[in-house]
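Which chain is which? They are A, B and C, in the order written, and residues in each are numbered from 1.
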Amino acid sequence: MKAFEFLRKSREKLGITVVLDKGLSPEFLRDYLRVCGEYITFVKFGWGTSAVIDRDIVKEKIEIYKKYGIKAYPGGTLFEVSYSKGLFEEYLKECEELGFETVEISDGSITLSLEEREDIIRKAIERGFTVLTEVGKKSVEMDRKITLEERIELINRDIDIGADYVIVEGRESGKSIGLFDSKGNVKEEDFKILVNSVPLEKVIFEAPQKNQQVYFILNIGPDVNLGNISYEDVISLETLRKGLRGDTFGKV
Amino acid sequence: MKAFEFLRKSREKLGITVVLDKGLSPEFLRDYLRVCGEYITFVKFGWGTSAVIDRDIVKEKIEIYKKYGIKAYPGGTLFEVSYSKGLFEEYLKECEELGFETVEISDGSITLSLEEREDIIRKAIERGFTVLTEVGKKSVEMDRKITLEERIELINRDIDIGADYVIVEGRESGKSIGLFDSKGNVKEEDFKILVNSVPLEKVIFEAPQKNQQVYFILNIGPDVNLGNISYEDVISLETLRKGLRGDTFGKV
Amino acid sequence: MKAFEFLRKSREKLGITVVLDKGLSPEFLRDYLRVCGEYITFVKFGWGTSAVIDRDIVKEKIEIYKKYGIKAYPGGTLFEVSYSKGLFEEYLKECEELGFETVEISDGSITLSLEEREDIIRKAIERGFTVLTEVGKKSVEMDRKITLEERIELINRDIDIGADYVIVEGRESGKSIGLFDSKGNVKEEDFKILVNSVPLEKVIFEAPQKNQQVYFILNIGPDVNLGNISYEDVISLETLRKGLRGDTFGKV
């Protein structure tokens, strides 16, 4: 039972929350998840961090997350590094051996033709992985070259192919990327068009900053899927979704 | 005994430090307080975070804090949500049952007449709570409408009624609110007038940013009461108060 | 063995990483270092934080770090406070008793003549300490008065005297100080001149922000010595050094 149960607002459907884990210790995790594990759906071991951490620790962490029903996956950059070296098969195998059941397919730093992208997604699905794809580039300059139409097309294409969710890139900073301007504010025009052109239950918006989380919650709803959430902000995000913080109080 | 004891600067009176807890685990707290528990007076379980955390964990945390003489209290927003639903009595009762001995009364997101505000404060005092009130609005637009004179009047009014301390709102960001401009700098004119119009020992300034903490320490003194301090900055704040960091070295 | 071992990029020489510890608990440290202890060379107990923490805890932490081969040292400001009070001998003695084997000599807040600086460095070396010195002022105004030539001269002078490493000041913020402009960007002109005028294997650049770490890695190399790294960014920094994050992927 929660404290202040009389204020309880049950949410019909839980919006997905993807947490960014940059190297938390297994012991810290165990304590931390007691407090907020129930509010997390996926956890991303950011970019290539998994590859500089001991196998045993990576395995241990995946297991801890599993106890809370949380699906861990390595960041898309690790896939990209592997793929660009011709090591995609080794990548999938290592994911399986470590206990990852979800992978992220992205081309934030590499170039993939539409056909290649499709083949990769299909292959990962065939192998039994839950598949998240990401749309967007890591470089501000490269990302700027993607038109809104292209973004929308790619999102819908990935979903048609069978991706479980498509992530709209926001990076850890949430600035000058995808739907965000250089100050981290949401580009409202682009946002409106995109929101009306994709199936929102299949899209995860990376929104590392509080003002971005508030924007998505107020403009899409409390059950919007949000990613790149700092591990320290999970409880805060849940209060935003439930109208228990000033920013969304009386508005959700 | 502290390390480098020969540098010890005893402070006549300890300024109050209020820490913002957004969902730390009980285990983390136990370890953390061993290092800096002695420097904390109050801890605020930010806004409505208590209501999305298990009762047992909330109780456990309150007890851990108590061992260090630290008074935990739920954020003002939780009071506001309860009050606006006609659940003020339930709110106080739940606070008592959980072990909170301090409450915060605020109208950051709701509207309270002066009479209502007074009644609420009196009621909380009668029930035996240590009472903190807060002056300021959560919304930048709403907060801007409060004149400096109104802020000062409300602070003094709350103290007259019997509030133990009055908090000057700064939010977690410390920007575009109360005494802070959009960059988080202190509005010097307003600051000077306010400081000369209220009993400083009864006022707690929310000052989440280091430059704000430095400003208040240099302009009021090392024993100024400061709030919304990140749990990671408690030791840093203590060094600022004691002139053990470059920013205040030789100046306090 | 690391996860995704097939991606392993062995680095010929490990660049030094200096972590900023503002008051982590011994218990937290033990868990944390299991994950990333191997990537840390030095840890700075920031400015005067050691002097507000219990001796037993300071000693315990130094020992924990030692188990990972990590050298802890108190921030330069603590030396400065002690020296300015005529307590340099007491300072060195307390460092020895606590178990510190490294000290930092700086004049960020005090003024030292070149002769004084030299004497202090020599004395610390004689006493058997690993000696880091720092070049730069804590105050933006004071720091601005140091010319690039003076900075370079002082760095080389300290190295000639026998300092093990010289730190280029960046503070915790990484803004308006040393090589950084008010936004935290590297001043490219100054950077190029400095880099060509000092022995880089002996210089540690404070680079708290990710964009700064990326800049130094891309412009000097993955083995550049970096300081003032947040404890939360150690794993991220290692991925930047190894090209496992978008910012340096394919470039190192």
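Criterion: a contact is a pair of C-beta atoms (placed from the backbone, for glycine too) under 8 Å apart; a residue touches a chain by one contact, two chains touch by 3 or more.
None of the values given here were measured: they were computed from a predicted structure.
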Shared interface numbering between chain B and chain A [over half = same, under half = different]: different
Superposition of chain A upon chain C: rotation angle, C-alpha, nearest 5 degrees: 120
Intercentroid distance (Cα basis), chain B paired with chain A, Å: 34
Where chain B touches two or more other chains at once, by residue number: 28
Touch list for chain C against partner chain B, complex: 22-28, 46-55, 57-58, 74, 77-78, 80-82, 84-85, 87, 90-91, 94, 98, 108-109, 138-139, 171-173
Contact set on chain B toward chain C in their complex: 1-8, 28, 30-32, 34-36, 39, 210, 232-236, 238-239, 242-247, 249-250
